[in-house]
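Heads up, there are several structures right after this.
Two complexes come next, and they have one chain in common, chain A, joined by chain B in the first and chain C in the second.
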Partner chain A sequence: MRGQKYIFLLPGLLVLLAIILFPLLFTIRVSLSAWGVSQPGLNWIGIENYVGVLRDQRFWQAMVRLGFLAVGTVIIEYVLGFSMALLVWRDIRFRRVFRVLFLVPMMTTPVIMAVIWRTIFHESLGPANDLLGRIGIAPVPWLTNETMAMVSVMIVEIWLWTPFMFLLLLSGLLSQPREPFLAAAIDGAGPVRTFFNVTFPLMAPISVSALVIRLIEASKIMETVYVLTSGGPGTATETASYYIYIRGLRDFEIGYASSLSITYLIIMIVALTIIAKVLVRTMIGKQA
Partner chain B sequence: MAQITLKQIGHSYSGGTRPGDYALCPLDMTWHDGRTYALLGPSGCGKTTMLNIVSGIVTPSQGRVWFDQRDVTGLPTARRNIAQVFQFPVIYGSKTVYQNLAFPLVCRKWASDRIRRKVGEIADLLDLGAKLGKPARGLTADEKQLISLGRGLVREDVSAVLMDEPLTVIDPQMKFHLRRKLKEINDRFKLTLVYVTHDQDEAMTFASEILVMSGGRVVQSGPPEHLFEFPQTTYVGYFIGSPAMNFLDAEGQGDRAVFAGIPLTTAYPGDRVPQGAIRIGVRPEYLEFVATAGENVLAAMVVDVQDHGGVRIVEVEVGGARVKVKLAREKPVPEGPALLRLPPGKIRLYRDGELVPLD
Partner chain C sequence: MPGLYRTLKYAAVLLWSAFVVAPLLWALTTSFKTINGVTGGATYIPWLDYKPSLEGWRELFNTSGTGVNIGQPFIDSAIVTLGASAISLVLGTLAAYGLSRFTYRAGFIRNRDIVFFFISQRIMPPIVLAIPFFLMLKFLGLLDSIPGLILVYIALLLPIAVWVMVDFFNNVPREIDEMAMLDGCTPIGAFIRVVLPNSLPGVVVAGLFCIIFGWNDFFFAFTLTFTRTQLLPVAIVALNSTVTPWWSLSASSLISVAPLVVVAFLVEKFLSRGTLAGAIR
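== the complex of A and B ==
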């Protein structure tokens, strides 16, 4: 009888095995081989690929860039999302319209929106420079200047993902009890004091969740870079996942790309765990 | 502290004006400076609505609220200068006890040494002096409630202190301590205190005046002992007192109230006793078992005895009705058949649910 429960668990376990465990173990095995165009198949070269990864400056630069991009966009998304949520939280006119409006970017397909943004940012034909020209500002090299390309990628990412932050924070705000806000009003606190003493502390747990979820998502940034800049100009906007894609699926160095993936995975797990712990400690404190 | 006057205050959440639409039916009310009022009633009777109208959380759909000579109906909560303690303790979790108590004063831009003096004074009063440096979220629920109250007391300009069932989430043994503390503070500061509760013990111990509410109306108001002795309606009789007042179907005949064929003497003058169907109300505390038959003595049968520690509640069957008798522990409890006496001075008569006045 007792064995039966495992039979019920089996379908779930099999799926888990097929889509997570097997690919992971297989990737680890592949990363220890020289599988590529000239060596089609598994062989054994030990940790040679990993030694290569350690020396691969382009990869580490992409990692640093990714860190900057992810942290930068997520912080801006948090500030914007929180502001928008605070704006439509209380009874204001057309509240429902605003709520739906703010969510539109999230409902679009990221890759298609990236194509549209590429058009917007087009230096001679795009509406961005056209509008700037009308108010007398010189054309901006949106996608060809190293700094501006990075800014462009960040703008698109922020535009795409702020609604998600907004949605999480709005639901957090709506689930807060009324009394602390009333008590603050009775104590004579203005909007700013109320925010820092009541709203923000009450929202700390959900803020941490929202930030961590978005950081995990943002670390995987790929399609925006791929469509908008293809990592360029040069390697100015190349992120880790895009670089892995280039090495693995364009150069077809399967073995080396696998070792890059595994390295990336380990760094991400460690970094995000530390970030989550730090966020919990600083934002929630001993409450947690 | 201020005198609070409600003039034709009524509220309907739906905006309708038919009698059934009102959460609080239009009423006039004056709460005098320095007195303690308890709004007592079951859930949904309109007591919290009334409190929220006074604090400004709810804007009444009709009528005006006055604090002394000032019409505050349109003023938001923040500008009414009231202190409110909610059902769930509200503290600033990221602050220490001191910072919590000082917060309203910081908002009012007091000088820091003045704040320190005032907070110290109030903290000593609330027995929180030793905990000023501790994070507020580490305190027990009753201490947190004291902080909520303290944030109101530190201010010198408070018009009234409003409490919305502040003891509901407190552990029983802590409840006793906190209730005593609140009473002590109230006696000292002479607060205009409005206290919402559904617990009659809380209302009885606290308030100089109790307002019993039902279905959006104030059914009766007055000092606790008056409500206990002379419940205006059978509803108040049921609601005040534990166990509730006993009600017996009877008939008025001449100057007597006849129950189960036995004419009973009452304190009512002969011409005051209504003729026809009436109800006799008598408190379980005033019923007594006697050894011999006599005036107002009925034959009863003991059905059940509940031991409540200091007292025992004896349920008896008399004339086809069930009646509860509250007996002090030292008094003997009869078994089986017994004789029950209804003291004439303690019998109240009700007609159509309303008390027949004694004089």
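== the complex of A and C ==
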């Protein structure tokens, strides 16, 4: 009887430990070696790679860029996703059609849709510049200008992932009790006041988890970058994951790339923990 | 004033709808083009702007050397996604039920730490795992094979299944299993006979999430396969070169998106019914 509870937990836990633990421990070990094209296999060079990481400007620039990209897109996704969730929540015709429609991008394969977006952004043959041209706007160098390349990556990320935000927030809205909204209506509160005094506070816990979940996923951005710009022009859109990919799997500097990976992972865990704590405090803490 | 408000509301919803469908419509129209419909600048409406052709679609099932042949990658993708989702779902549902009903203790580790361990795997960037996964599969002789990919995908999908199911089981009243156990069921019997049938919506939602993330993964399929096994996203992205055949690229992307549009309908159904509220939080 008492032993039976382990039959539930252990299979899943052991499988995950087996699949994850080896790679993680192995990566830590490799990060202390000079494994590369000229030195294949494990040796021991101590923390030399990590000293290199600290001095690696390209990596830190990629980290900063990733931070900007992840936080920027997630905030825009939150605003758009929340707005759309509120709009198709109730009192609108064909709401179920719109709901399905708004979910579709999340179901598509990011890397494949990024290829389609690349054809859209094509400077001379793509529809983006063609349509802008028709209203008299000069062609935009979507993928070849440093700033615009960043904007293009953000547009694609927002297209892909606003639906996920929308899904989490709409399911939260649909599970809210009716009474607070009725009370606000009886008090004669308009839509704006109802939102700030009732809807937003009620949705705060869900908002926090939606933001954190999306930040976790966004911190891994690399596939859209790989397809759209290959990190370019120059290194203008290179994110941390993509830079590690170049050093590790393309240049085959496995040892150095592993130490980059571990540094990246630690920064992510620390940053996400801090962000989650701050979000909980600012968005939920006040009412508590 | 209410009239203006309503107009703005519909305008916003329609504008966002246009943004959402635009790339898919562009892919649809491009899939019927030939080289002439592409190199002359952007064209939109078949017959009017360009002469439609089925060449892009035909290429996909052309198994001779010049074709793209998307059939086998499609089947491989389906096997890997469904296989990994099914295993993750079974393991994840069991673990989530245990974590929601029993207390586990090992030293300072409590239930919430175990739940956190499962979910925190999503933080792990794929690039961190790619190199060791490569070596691990090579050691097991599973590189470039379907079982190898299933193994890796379990690591991706199991956290999702646990995440969805723990919250779901926390909302299933404990009285249900307590009644069953009073009637003489063992915990496992109570779970299979009473709890599981009452939790099917949660299981379906968790399964749909596993399928979405499994079907859409690219990175591991890209780094862990070469010639014998090829998954759909890898096969399609391989078309993305300097002389990209936009027509077959578009046709193949629509084929990859199509099965999951069905999933969008299902997710919406659960969403509007309120089932999702308990499952994802």
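The working rule: the second predicted complex is superposed on the first by the 271 of 288 C-alpha atoms of A that agree within 3 Å, B and C clash if a C-alpha of one lies under 4 Å from a C-alpha of the other, contacts with A are read in each partner's own complex, and residues count from 1 in each chain.
As a working rule, a contact is a pair of C-beta atoms (placed from the backbone, for glycine too) under 8 Å apart; a residue touches a chain by one contact, two chains touch by 3 or more.
Owing to the predicted nature of the structure, the values given are computational and were not obtained by experimental measurement.
S.K.: Assess the superposed three-chain arrangement around chain A: do chain B and chain C clash, or do they fit?
M.R.: Fit: chain B and chain C sit side by side once superposed on chain A.
S.K.: Using C-alpha centres in the superposed arrangement, which angle lies between chain B and chain C as seen from chain A, in steps of 10 degrees?
M.R.: Result: 80 degrees, to the nearest ten.
S.K.: For A:Met222, is the partner it touches chain B (first), chain C (second), both, or none of the two (neither)?
M.R.: Once the two structures are laid over each other on A, A:Met222 reaches chain C alone.
S.K.: For A:Trp159, select first, second, both or neither according to whether it touches chain B, chain C, the two together, or no partner.
M.R.: In the superposition, A:Trp159 touches chain C alone.
S.K.: Between chain B (first) and chain C (second), which does A:Gly231 come into contact with in this model arrangement: first, second, both, or neither?
M.R.: Neither partner.
S.K.: Can A:Gly255 be said to touch chain B (first), chain C (second), both, or neither?
M.R.: neither
S.K.: Contact-wise, after the overlay, does A:Ile116 reach chain B, chain C, both or neither (first, second, both, neither)?
M.R.: After superposition on chain A, A:Ile116 lies in contact with chain C alone.
S.K.: Scan A:Ile186 for contacts with chain B and chain C and give back first, second, both or neither.
M.R.: After superposing on A, A:Ile186 lies in contact with chain B but is clear of chain C.
S.K.: So, does A:Val100 touch the first partner chain B, the second partner chain C, both, or neither?
M.R.: The answer is second: A:Val100 touches chain C but not chain B.
S.K.: More residues of chain A are touched by which chain, chain B or chain C?
M.R.: Counting contacted residues of chain A, the larger count belongs to C.
S.K.: So, A:Pro201: does it touch chain B (first), chain C (second), both, or neither?
M.R.: Touch partner of A:Pro201: chain B, not chain C.
S.K.: Which partner chains sit in contact with A:Leu16 here, chain B, chain C, both or neither? Use first/second/both/neither.
M.R.: A:Leu16: touches chain C, not chain B.
S.K.: Quick check on the superposed model: minimum Cα to Cα separation from chain B to chain C, whole Å please.
M.R.: So the smallest C-alpha gap separating chain B from chain C comes to 13 Å.
S.K.: Where on chain A does chain B make contact in their complex?
M.R.: Result: residues 177, 179-180, 182-183, 185-190, 193, 197-198, 201, 285-287 of chain A touch chain B.
S.K.: Which stretch or stretches of chain C touch chain A in the complex?
M.R.: Residue list for chain C touching chain A: 5, 9-10, 12-13, 16-17, 19-24, 26-27, 30, 38-39, 41-42, 44, 91-92, 94-95, 97-99, 101-102, 104, 114, 117-118, 121-133, 135-136, 151-152, 154-155, 158-159, 162, 186-188, 191, 212, 215-216, 218-219, 223, 232-233, 236-237, 239-240, 244, 246, 249-250, 253, 256-257, 260-261, 263-265, 267-268, 271-272, 274, 276-278, 280-281.
S.K.: Would you pull the chain A residues touching chain C in the complex into a rising list?
M.R.: By the definition above, chain A touches chain C via 1, 4-9, 11-13, 15-16, 19-20, 22-24, 26-27, 30, 80, 83-84, 87-88, 92, 96, 98-113, 115-120, 124-127, 129-131, 159, 163, 167-168, 170-172, 174-175, 191, 205-206, 209, 216-217, 219-220, 222-223, 227, 240-241, 244-245, 248-249, 254, 257-258, 261-262, 264-265, 268-269, 272.
S.K.: Using the touch definition from the top, list the residues of chain B that touch chain A in their complex.
M.R.: 55, 57, 76-78, 82-84, 86-88, 90, 92-95, 103-104, 107-108, 135, 137, 148, 151-152
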